[in-house]
Structure formats: C-alpha cells, structure tokens
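Some structures are shown below for you to check.
You will see two complexes here that share chain A, one where it goes with chain B and one where it goes with chain C.
Right, the complex of A and B next:
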C-alpha cells in the first residue's frame, strides 16, 4: 500500500459556471491559478506537492464545455466540448459511426474509471510522464539546466527518439494523434478572444517552449475540439503499444485516416505519439504514399521514411523499429504487414 | 474528541441498561449512529489533527456542505483540497471505501457518482455537491438483504483478503447498469481499472458473473 504522504497542500477552489467567469478567475490569479478538468493529471501534481497553486479553477460545473454537437459550418462536422469525458466520446453514436478512430483511441486510454472522469480536453493537454520531471527534479522542463533522463545512466526507456532538444520527454496522449489524423481544430479562448488552431499546431516541442507541451498560456482555455467531415467514415487504423493492457500510457501509438481508390492510396493523414515531445504528423510519409498502391512494399517504405533522423537514447532504441512497424501497419494494413525487427 | 463521544455513547447504552443484551455488532452500530465509528476513531482523530495544521498554515478552512451519500443528506465540513475518499472514510466514517494507492491506479476507492464508477481518491469532495454518491455501505437493501452482486461474491467466495472487494463490487455494479448481460471478457474489461494484490482475478470474475446473473434474475422476478 502506497504511503499516503499527506493531503494536498491547501488551495482556494473556484467553481465557475461559465467560461467567461472561469477566464476572469484565471486572469485575476495569473500564474497562481491551476485549471482543473477531470483532475487525474492535476491531482498527482498536487498530492505530490510538486505544484502548489494558490487557486484551483474547477471547470466541471461549466455546462457549455460538455457534450457533442453538430457544427453549422456547412460541412457536417462535430464539435466536442473540452470537458466531455472520454467515456462519452467512446459511446457517442456519431463519433462511433463517422470518426471511429477517435472512439478507438479514447477507449484505449487508462482504465474505465479514468475514462469516466477524464476529459478529452484534459487528455490532449496533460503533462508528460517523465518521472524525473514529475518527481520534482529541477530539470530543463522544470526551469532548471539539466536533463536527468538523457544521461548514460538515465532511465529513458519511455523517452523521445525524435526532435529532442535538451529535454527528451514525450507527449503521453492517445487521443491527440487520432485528432491530428482527423484534421481536428482546437478552439482556444484567450483573454484577447477566440483562436482556432489545427490539431498539430496545438502541441509544441522544447524548441518552442521547454516548459509546456501545448500552446496554452496562463489565462487561456481549450474550450472545444472540432472535427470536420473531411475524413468521416474513412479507413482508420489505430494501434497503441504499452507495457500493461490497462492504465498504461503508450510507449508509442499510431493513428491514420485513409481514403483509397481501387488499391491506390488517394488521401491519407497519419500521426504518431510517444516518439517526441509533441504528437508528430508524418507529412513526409503522407506525401510519399499518396498515389501508391496500399501494399507491403509501400508500408515498408513509409516505415523507413518515418524513422529517418531518429536518435535513440541509452534504453529506447527499440522505439525505432517499433515506430517503423507501426507506421508500416497503419499504411499497409495489418493483414499485409509482417512483423520485422 | 473521538474518545469523548465513544464514552458518551457507552454511557447512553449503559443508562438504558441494555449493555448485556446487545451484541458487539449492535453496540458498534450504536456508536456509529452517535457520530463516530469505533473502528475509525483513530482515523478521524488523525484527519482532524492534519486539518488543524492546514488551517494554521494557510488560513483556509473547511466549509460546511451537504452531500448525498447512500441516499442520505449528510452535512459535513470539507476542506477545499479534500478528496471524496478522505471525506467518506475520515469524516463520515464510511470505511468500506478503501484507500490503496491514492493515485487513481488501484481502484480500491471506487464508488458510484450518479451511477458511474469513479476513483474517489481522485475526486474533490466539493465537486460532488448535488450529485448522488453510492458506497459499499449503501448497496444492501434497507432490510439488510444484500445486493445481488454482494450475494454472488459470498456464494462464490470470490475474494481472498478482500481489501479490494468494495472497489470491485462498486465498479461491477456500475458497469452492470450499462451492460447487464456481459460476457466474462466484457466484465473483465469493465472491472479492469481495479487491481487485486492477491491475484485472485479468476475467482473474482466468477463471483461477479454470478452477481450479474443474480441481478438479471432479481429484475425478472
């Protein structure tokens, strides 16, 4: 039984009932504020007393942030409120029928209880799982000047093989690559107004800001995720590789949406997470396989291309063949793919 | 404070002249209804001393709120940073809900909130105002008849040490509300967020399957 160190450090809890009120509170408290969605990532930080915000703003009472709506932008897409739980996403009939990739990815997150409480907005905005960082070590990401994972002795089996820059942590989200493959747009409410960004631009690497995995600044809120109908009912592929079948974060995952004509790949979007500090949209792979037949040779070419430039750390070299094979399976289909080391 | 209340309860019982006639279980129940559970007196005491430290340190105290727990309106003082598991165990004396990891991993603290299984260690108590909380203590009928899933667990002797049992049962009851006739595999997926340190999963699943069958039968009858 885990040692219960203590209760969380005291904070003031605010429970606004509208986005406008939440924003006022965030503005008022600035960097002392903490946004609480499902709480599953947040409470770890607070219980471990690594983060001690003075004001916690709980979004669970804001009705406008919940639920799935159809959008009226003429393209018959959907808008998912950021506080919609993962279970609601998994069970939603339209998401299941038309955007099954998202439902599949959300169902592979953590455990049933976590999906019952964890939100889609929280899943894409959660912090990295690097245990040095989460353990409160003063690393680059925590504002220090060292990476404890990127040393010869550092435990870095779960860390990055691509685009590392001082920090080698990875993004742990399962739904993020699915949303990138579906060409989703993220709606962000900032003090200056509303901003809509492409899913892949919501996430940032250490080269842009080493202390955050996403673009949200203090005072900003992710309010909704819009999925256009562009990839509705496309051929989807999602695979998550993890150590345990429940609860675990991905060692790596892959998501793709594809439209074929005959045996040719007409259109494709593909993204991988667990390889870098942000989920990676593999544009080079998309360009290379477009117009090609959907077969093993194309899949192998895609896999080789995907891992170009990958640099392993001491204990994560396995991620290179893992990523190669996941991309290969996503492009050529599992029945076509054979397992290669 | 705990001590004072329990001795007062003892006094009440003695004054009524029924001490010899009541069983140990009835006696403990009597003490619980007077506000403090003997078995959790130490816990309650601990909670209040930690709370005291918090108040001194931060000047942020408790707030009196009303929670709907097991069909009852319970008035309770709750800190802003308090988790539901903490409130249930250490403020309300509902120690059937267990705290294992306190990190949303093991499932021992599972309770139903508006019929949906949640890890109560990872819910702030202030966020469940106006919602219905159901713990293992609230599962049996008023006349003491066990819930069909509890009966299934007893019939199949599903658990070894049973520390994880309340969590498993609450999760299973919540899952069966959405899927009353699951396959063994589906049920395993439904309770996959609960861990058993005794590795007794096979028997647990057999017991919960029996519970599901009991539930279907009782709703038919």
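Right, the complex of A and C next:
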C-alpha cells in the first residue's frame, strides 16, 4: 500500500550511454531493474513507494534512442527512436506531412510540458491508470487475487467494456491506436536478440498476462518504432474523448487510416483504445467496410459491429455508445472538433 | 523465501494471496526424485515378490482367459478425469513458468468437467460398484506390516495376494481424493471471482483472509497433484504394471496376471457362463463382495 508519498525508496541509478550498455544492465538486474524513459509514469510509482526497484536504468543519455530517421529497407518509411519526445514527434515535418495521424494523437497527449518530457516509447509502454492498482491495492494486476474495480461498488467508469478477463483496467495510450492504424512495427531488444513485432502484437491483455500491458519481459528494451510508407498521406481520423480537454487520459480514442477510391473505401486500418486492456485493432470492422461507400450508413454499421460483445460494468455503460459513435465517425469521416496547438 | 505470497488488504490486514510459485518446481523435482529412487530400487535392490499360498491353483480352471476388471463406464470416467486433470494442470502452471496463453476459460471449463465427473463417480461407486474395494481393510494393514517387517529383515509370514487393488493403489486413491476435493471445492468458489456461465460474479462472497486461504489451498493441492500425477503416469508405464494399465483401456486383465497378483478370495471375479467352467449353481469364483470397482 502507498504509505509515504514524494519520497522515493533508495535505488541504484544507472545512466548508460548506449543501448548495448543499457541492455547489459537490464539483463544483469532482471526483474529488479526499472526502465526510466521520460519518467512521467515511473516517478508516480516510485514516489508512491508502490514500486521499489533496486536498480533504475535511465535511458535519457542514449543518443541512438532519440530522433526520427528514414528507413532504408526499401519501403521508404521512418524509424522513431523510443526516447524521442512527443513534442519532437508532433513537430517533425515528415511525420506531420505523411503520418499526420501520429502527430495528431501525440499532440493530444496530456499537456505541453508533459509532451516535452514524455517519450513515444514511454507513451506506448506506460502502465494502466486504474486507481485501485496504482493505489497499491493487491489486485490481480499487482499479483493478487481480486479486481477491486469489477465489484458492485467498484469505481469503474473509466474501465474496460471489451476483453476483460478478471482485470478490467484499460490501456491509456493515445499514440498506440494511431501506430496500430499506421501498421507500425516495434523494435524490441531482448537477451536473445532483436525482435520486430507488429504494433498490435506489442500489447497484451489480461488473458495472456494479467500483470503487464505489453510484451516486454525483464531484460527487454523497446528501442524504436518503424512506420512503413504503406499508409503515408492516407486519410486519417483521430479523436480522443476525455473528461477535460487538456492534461487528461482518454476515456476512449479512435484512430483510422483509410485509402478511398472514388467514394468507396479501398483499404482501412482502425483501432480504438480505452475500451480494453490493450488497444484493439478492429479487424472485423475493417473487413466489413472495405469496398463499401464511405458514408453515414457504412459508419453506423461499423459502429454497431465494433461494440459487439461489449460488457459494461456498473458505471461505464456510456462507453458502448461512445465507442459506437467514435468508430462511426472514424469510418464515415464526419469532421469533429480537434485540438490544435 | 516463504511458501506463501502475502499482501496487505485495503483495510491494512496482512492476507495470504497464493502459494509461492517456486513450489511448482519443488513438486516437479519431488516427483522426479521419487521416480528415480523407485526405479533404482526396483532395478537393483528389490527382492522378487513373495505371497502366501492362496486358492489360485484351485480356481484357475474356472476363470476366463480375460478377467474383467473395469466396466466401460468406470473406464470412461477414468479417462475423462485424466483429460480434465491434465488440462487443469497444464492451464494452471504453464503460464506460471513462462508459456503464456489465454488459460482461464480452458481452466474453468476443465474444472467443471472434472467436478461433474467426480460427482458422477461418487454416485456410481457408491451404488453400482463395490464401494469398499478401494479402501484399505484389515488384511491390507496386516499385510503392510508383514511387508515392512520382511523389508527390514525381521521374521514375518509372507503377505497375502492383493484384493482388487493393492494397498499402494488404495492409498494413492485416498491422497487423490484429498487433493482432488480440495481443488474442486476451492475451485468452485473461485469461479465466483471470474465470469462464467454458472454464477453471477461475487468477489465479496468471503473475507479477504478466507479468499486468500482458499487460493493457498487450491495452489497447494494443485502442486501436490503435479507430483501425484507424475507418479501415477510412471506406475502406469512400468512394465510390471502394464497389465493394470491395459485393463483401464480394454477393461480386462490376463488370467495369469490375475492369479499371480490377486487373491480370488479377496477379489471375486464374475464370469460369464459362456466363458467359464464354473459349476452351474454359480458363475462366481469364490470370495466375498461384488466384482468391478471404480
């Protein structure tokens, strides 16, 4: 339980200057190590004394983890270092021109100050905001045997409506659904070598591992995110719904990338977050709307399809129409108010 | 390093939440050690089995070549139970050792199958089978004493042949009952904490301490079953036990094996008139009780 706030427990701080050194440290300390990127998620855990790692590996001094570069693998895409800040992502000219979906989603993260410090790697790897879990209660996600949010009295307005499996926490990332829609690949260094996974496979639900939101095991490190040019300059849609218009996590968000031919949807990728413990790529929706005209009727059909199987908790039934409408708008392309700095 | 994992409840109470997962490896190693020690002892040190004289020679001509041992229903129960038990063990413990997959649904479905199978078995064994054939009796205990005395080099008459089940079998069945009922009873309650088709979720059915103890008992019985199932499979594959294993598949055992290991007075075999040369007044080889068992 959180007892003392704002005073961190002691730990050894390591500040490697290369990925190889960082990985060596992570392997050396295994589960006792904590990866520090922008620190925005980490410092909550450490100051609340809920997480007490013996070693903190600070990645801020690793230059090779920063910056946006074009890839030379023949697909003319880009590679974003995991430690690139969200502000850099938002302002990067290539991302703005070709992958505006990511720029828009990153710009809607929290506040300008947080975006200056927060990293793209940290944004996709951050932990859930379920307050029972973050309050240090011994829930399933913390290794216990109960979900305090999924009880008759549990405060679960922000929690999952889909794919809940004992734990009903949701993933809070804004950039994750955009990266899924852009068919991004995540580059992970593991003790066994480099592994490249599809964005949607980077995230896992409680059915697979109830204690993590992503595939990173102790010793693993997310080093970069690659975005192929497949969806460059496509028609993008991103919408985030939150309780207040700045500095807040999403109640739900939706991201879509679409290529049309005439009025028909030729290709589409669509993902939502805030509905489950992992951002959900809506493959059934993509299949259903491909070849259909891009209009309100198709959007409504997509919305209905998206929420099939949704199970509301005591206080989050509103998320079902919310998700239905977000998907409808993402598919039918109705222009909504967006935040621009 | 404790055997249990503890946590602090929201009300500040220290409660157990589950067993420490290293106990999985303790169970696996314990099972393997038993296998190695037993196999070594049998291979290099064990003396040939010796039994007291019995009525085998008198009844051998009356017995069919294939002595019926397990009915079809009993065999079906055994294999359904085996499949569900293995599913339960794999779905419970593989994720804990790093092989991750969506296990919960498979686990509770297998648990439900096992529960139904066990309830059926209790009713079937109580009313249709020889209920007492699987429980140790006075002769078993006396023979066990004789075997121990002879093992340590003291003088004692040879033990009698077995009834339908050797004492080891009966003891194993007893331990399986303890572990099996522990995981089933706790497992049924634990289903109140997940979404199933059976009951509405009610995570507040018990206090945190009671829930914690339930998870601990479920875990302890579960890891116990790892070692027990390893032993059971090992014995099932041992050459000298293959006749018993085959009887769980085909329902019968060879007459020679029956006469060699079992006492017709303690395990009375029912024979069909077409396959036996028993006197017309009876189609049973002498003994007490009914044939067949669970």
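Just so it is clear, the second predicted complex is superposed on the first by the 328 of 341 C-alpha atoms of A that agree within 3 Å, B and C clash if a C-alpha of one lies under 4 Å from a C-alpha of the other, contacts with A are read in each partner's own complex, and residues count from 1 in each chain.
The rule is short, and it goes like this: a residue touches a chain if its C-beta (ideal position, glycine included) is under 8 Å from a C-beta of that chain, and two chains touch if they have at least 3 such contacts.
This structure is a prediction, so every number in the text was calculated from the model and none was measured.
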Overlay on chain A: chain C relative to chain B, clash or fit
fit
Touch check for A:10: first (chain B), second (chain C), both, or neither?
first
Going by the contact rule stated at the top, is it chain B or chain C that touches a larger number of residues on chain A?
B
Contact-wise, after the overlay, does A:247 reach chain B, chain C, both or neither (first, second, both, neither)?
first
Is A:209 in contact with chain B, with chain C, with both, or with neither (first, second, both, neither)?
second
Contacts for A:46 in the overlay, against chain B (first) and chain C (second): which applies, first, second, both or neither?
first
May I ask you to decide whether A:116 touches chain B, chain C, both, or neither, giving the answer as first, second, both or neither?
first
Once the shared chain is lined up, is A:138 touching chain B (first), chain C (second), both, or neither of them?
second
For A:20, is the partner it touches chain B (first), chain C (second), both, or none of the two (neither)?
neither
Check whether A:148 is in contact with chain B, with chain C, with both or with neither, and answer first, second, both or neither.
second
Chain B versus chain C - smallest C-alpha distance in the overlay, whole Å:
21
Residues of chain A that sit at the chain B interface in one complex and at the chain C interface in the other, please.
1
Across the complex, what residues on chain C touch chain A?
5, 7-10, 12, 15, 17-18, 95, 100-105, 193-195, 201, 203-204, 208, 211-212, 215
Spell out the residues on chain B that touch chain A in their complex, using ranges where they run on.
50, 54, 57-58, 60, 79-83, 86, 99-105, 107, 110, 116-119, 122-124, 126-127, 171, 175, 189-193
Parts of chain A lying in touch with chain B, wherever the complex brings them together:
1-2, 4, 6-13, 15, 36, 39-40, 43-44, 46-47, 56, 58, 60-61, 87, 110-114, 116-117, 245-247
Applying the document's contact rule, which stretches of chain A touch chain C when the two form their complex?
1, 137-138, 142-148, 150-152, 164-166, 204, 207-209, 311
